[in-house]
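Below you'll find a set of structures to go through.
Below, chain A partners chain B and then partners chain C, in two separate complexes.
Now for the complex of A and B:
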């Protein structure tokens, strides 16, 4: 019975996502679309961190590269915003490969610091390149308007665009994770020495993961630019990269659904906590994060409902040994 | 000790001449030579620290040779990167297992075939039909090996959940999935029970006969070495000590000295 229900689950989920504009007000639909754009960047990070064990704290900057590619192609060259999206992905992918080069020698914490350096430098770099990026005033882009035949609102049209981008991203990641490429990435994550003895090209595997991960960040960024209609360096501060990492871990770093669940978390939960108490929003959000990691160590997507009571009780057992494996096996130990 | 390069049989598949390996101040191998002919089962024995595993690591380029030469099918490998060694037909197992515990047995074995068709990211993304066809061919090839190794029943089980002896068998299955010509087995019987060791010996000689591979094995289990190997090479403190048939080696006073430390 339950397995039969599960078979219809994906179809039901798609139907629910497509039907959402009928039930949800436009401003909420806009926020969900923004969350989807983050979700695409988080999905990239999940591929990189969850499956090849490489950390990248420049995902927010790569998101920005995609956003600025879309904005510049639209503002300076008059391209249709939607047509710029593949180029947003490609430009971020290329820059991601350059960022990934140090990853061939450095792993874990060193790589975290190097990539965070990129994230820290990025907003300043945007200000310095103001002839192209508009500097502190930012860039305002055209929005692709819904065609006349479309019955819904402008927000619903853009929500549809977000879903299409997410679907393409999910297809790409699913294809990479199944079969040989997926095994290869997990193998080089779990034990690079054995992987190499088995003929795995570590350089190629690591750089390919960086390229795809960054391209997804770029696609998400391009989408973000279209949704928002305006971007400035303020949108791509280093904290954005941390938010993307938090979304990845909280959602479930080895889960495709987890990427989007995590994105919804980082977009909506800070707002919820501020609603609870405007003065203590940050404090409550912080406690939420701490609680999440104590109860759902594998992320929300890894949570099993029947094990939930035990997990909550487990928080109060102060044992030194972790009964759950880390969310990301061996990612912070270095080589 | 001189090694006869004109050895009879199918000619040397592996020839190692005067190999030196140093790690910082440690001189792990001092002018070691070894020739392995096609179709042989060659045993490497010697007390701990003799340099047997270092020799395997040199052949698979995990350790860098400081002097001497290693040739696989006549090809010098000094400039070959570690990941290309398996493509030259050399597959190995590791002393303390080199398996992926979180992956299934089938996935582990399919990783063995990675070097044949794997690593095609663009194809995986853009030509999923082709990628799936290659994947199913690989799976068929690997399932046949699992069948041969009596591992079909645990194909979908996580490798880490299996008994040690089964994991060792799986590691050899994975090595075979790479379609090797030479198999390097590092203490394949280490940690096995008495009954498992006998079973293991049968498996190894069956692998040689059915798959036509040459086998080099490091082993401490003397019973297995004596019954299985065509030829035994003895190492001691990073040098060749003796070589010959199991019976010859067993009777060699130098070998007895090295193992028992008898005063001369």
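Now for the complex of A and C:
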């Protein structure tokens, strides 16, 4: 019975996503589209961190590179915003390869700190290059208007655009993870030494993973720029990279659906908690994060409904033995 | 030349701040293999407690002492309530939990004390000396002195006391330490407490320079992370030296490299760290880990 249902689940999900504009007010639709643009960037991080075992905390900066590519091509050269999206992905991918170069030598924590440094410097760099980026005033881009035959609202049209981008990125990532490339990536994550001994080209593999992940961040960024219609350095503060990391882990770092669940989490939950109590919004959000990690350690996508009560009870079980000693190689805490 | 030495002195003073926060981060990392991203915000929270005590008319030194003890208890509490329960989870989950601490403590300071900047009392008198044209203020000298005291104190505790030995043992190998009768959990708890207290000292040094605000420690945290990486994450001495290097490099670079200037100074610690890491991937004083298959 349940397997029968599961077979129809993807089709039902697609139908639900396509039908969403009929039931949801325009403003909410806009926020969902923004979440989808983040989801694409998070998907890139999932590919990099979850499947290749490399950390990049500059994902927010790469998101910004994509957004600024779209904006500059549109504002300075008059391109159609949608046509700029491939170039947003390519430019972010190239920058991503440069950021990935230290990753050939550094792992885990060291790599995290260096890439986070890039994320911190990015807004300052945007301000410095103000002839190109418009400095603090930012750049306002044209929005692609819905054609006359399209029955829905402008927001629904943009929502459709973001769904198409998301679908393309999901196809790219699933294709990559299937077959040889996917096996190579997982080998890099699980044990780079053995992988190298068996003939996997570490340099190529790592840089390729960085390129694809950054290109996805760039695509998400370009989409964000189109949806928002305006960008400024304020949109790409270092906290954005942290938000993307939180989204990836909360959603489930080795899951494709988890990327979009995580994006919905980081877009909507801070808003919800502020609605509960404006002064305490941040506090509730932080407690949410901590509580979430106590219950759903593999992220929301890894959560199994039947195990939920046990997981919640497990939080209060203080007598369990702890993991402390020993770092896990290739992961954030390890060397 | 006078300018150069002046910048070095200023750099050492701000380096002392980065070094103390980096020391707190490294102590926690060594003991529990966790990078506590909430360290800076926990320190800010304790500094607000100290400020509040001063406002209530408690003498300054006494209120700093009380707040220091509070910071210690805060570290222990955070370990018991947040870190213990997630300690068996994957590393990613622990990272998000400490990022959660960051959000929680920032929001808590914001909620209790608002976003207004407050003048924070300084431990040091407002005097200075001229040494051949280089101006050394009492606060700069005091900061460096505080750092040296911290260094000496941690060195002595870890090297010469039974407590320090037990803490080193539980950080090195938890299971074997448990077998020889060391209460590992309690040692880790103490480690978190000490780290929180050291972080509080860093906040005490920052407070008078930047005014007290809920986001005061955010930029400092990045510098401290860079310092700890530069020095090597498993070496307290490395963290302190790393902090001083980052401080001096920042101060010199912002003045002498015109294309970087004041607005891109955040790049400097990252560049310095990157250069050092490319030569020694584990940092200056880090120990190489041997990979076994």
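Just so it is clear, the second predicted complex is superposed on the first by the 320 of 335 C-alpha atoms of A that agree within 3 Å, B and C clash if a C-alpha of one lies under 4 Å from a C-alpha of the other, contacts with A are read in each partner's own complex, and residues count from 1 in each chain.
In the analysis below, a residue touches a chain if its C-beta (ideal position, glycine included) is under 8 Å from a C-beta of that chain, and two chains touch if they have at least 3 such contacts.
None of these values were measured; they are calculated from a predicted model.
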Of the partners chain B and chain C, which touch A:205 in the superposed model: first, second, both, neither? first
I'd like to know which partner A:102 touches here: chain B for first, chain C for second, both or neither. second
According to the stated criteria, A:194 is in contact with first (chain B), second (chain C), both, or neither; which is it? both
Of chain B and chain C, which one touches more of chain A's residues? C
In the superposed arrangement, does A:300 touch chain B (first), chain C (second), both or neither? neither
Under the stated touch criterion, which partner chain does A:283 make contact with: chain B (first), chain C (second), both, or neither? second
Regarding the shared-chain residue A:259, is it in contact with chain B (first), chain C (second), both, or neither? neither
Could you tell me if A:118 is touching chain B, chain C, both of them or neither one (first, second, both, neither)? second
Touch test for A:244: chain B only (first), chain C only (second), both, or neither? neither
List the residues of chain A that touch chain B in one complex and chain C in the other. 191, 193-194, 329
Going by the contact rule set out above, which residues of chain B touch chain A in the complex? 60, 62, 82-87, 92, 94, 98-100, 102-103, 107, 110-112, 114-115, 117-121, 124-125, 128, 131-132, 134-135, 138, 174, 178
Interface with chain B, chain A side, in the complex: residues 172, 175-176, 178-181, 183-184, 186-187, 190-191, 193-202, 204-205, 208, 212, 329
Chain C contact footprint on chain A (complex, rising order): 49, 102, 105-107, 109-110, 113-114, 116-118, 120-121, 124-125, 127-128, 191, 193-194, 238, 242, 245-246, 249-250, 253, 279-283, 285-290, 292-294, 297-298, 315, 318, 320-329, 331-335
Touching residues on chain C, where the partner in the complex is chain A: 31-35, 82, 84-97, 99-108, 110-111, 172-175, 184-185, 188, 222, 225-226, 229, 233, 263-264, 266-267, 269-270, 273-274, 277-278, 281-283, 286, 289, 291, 293
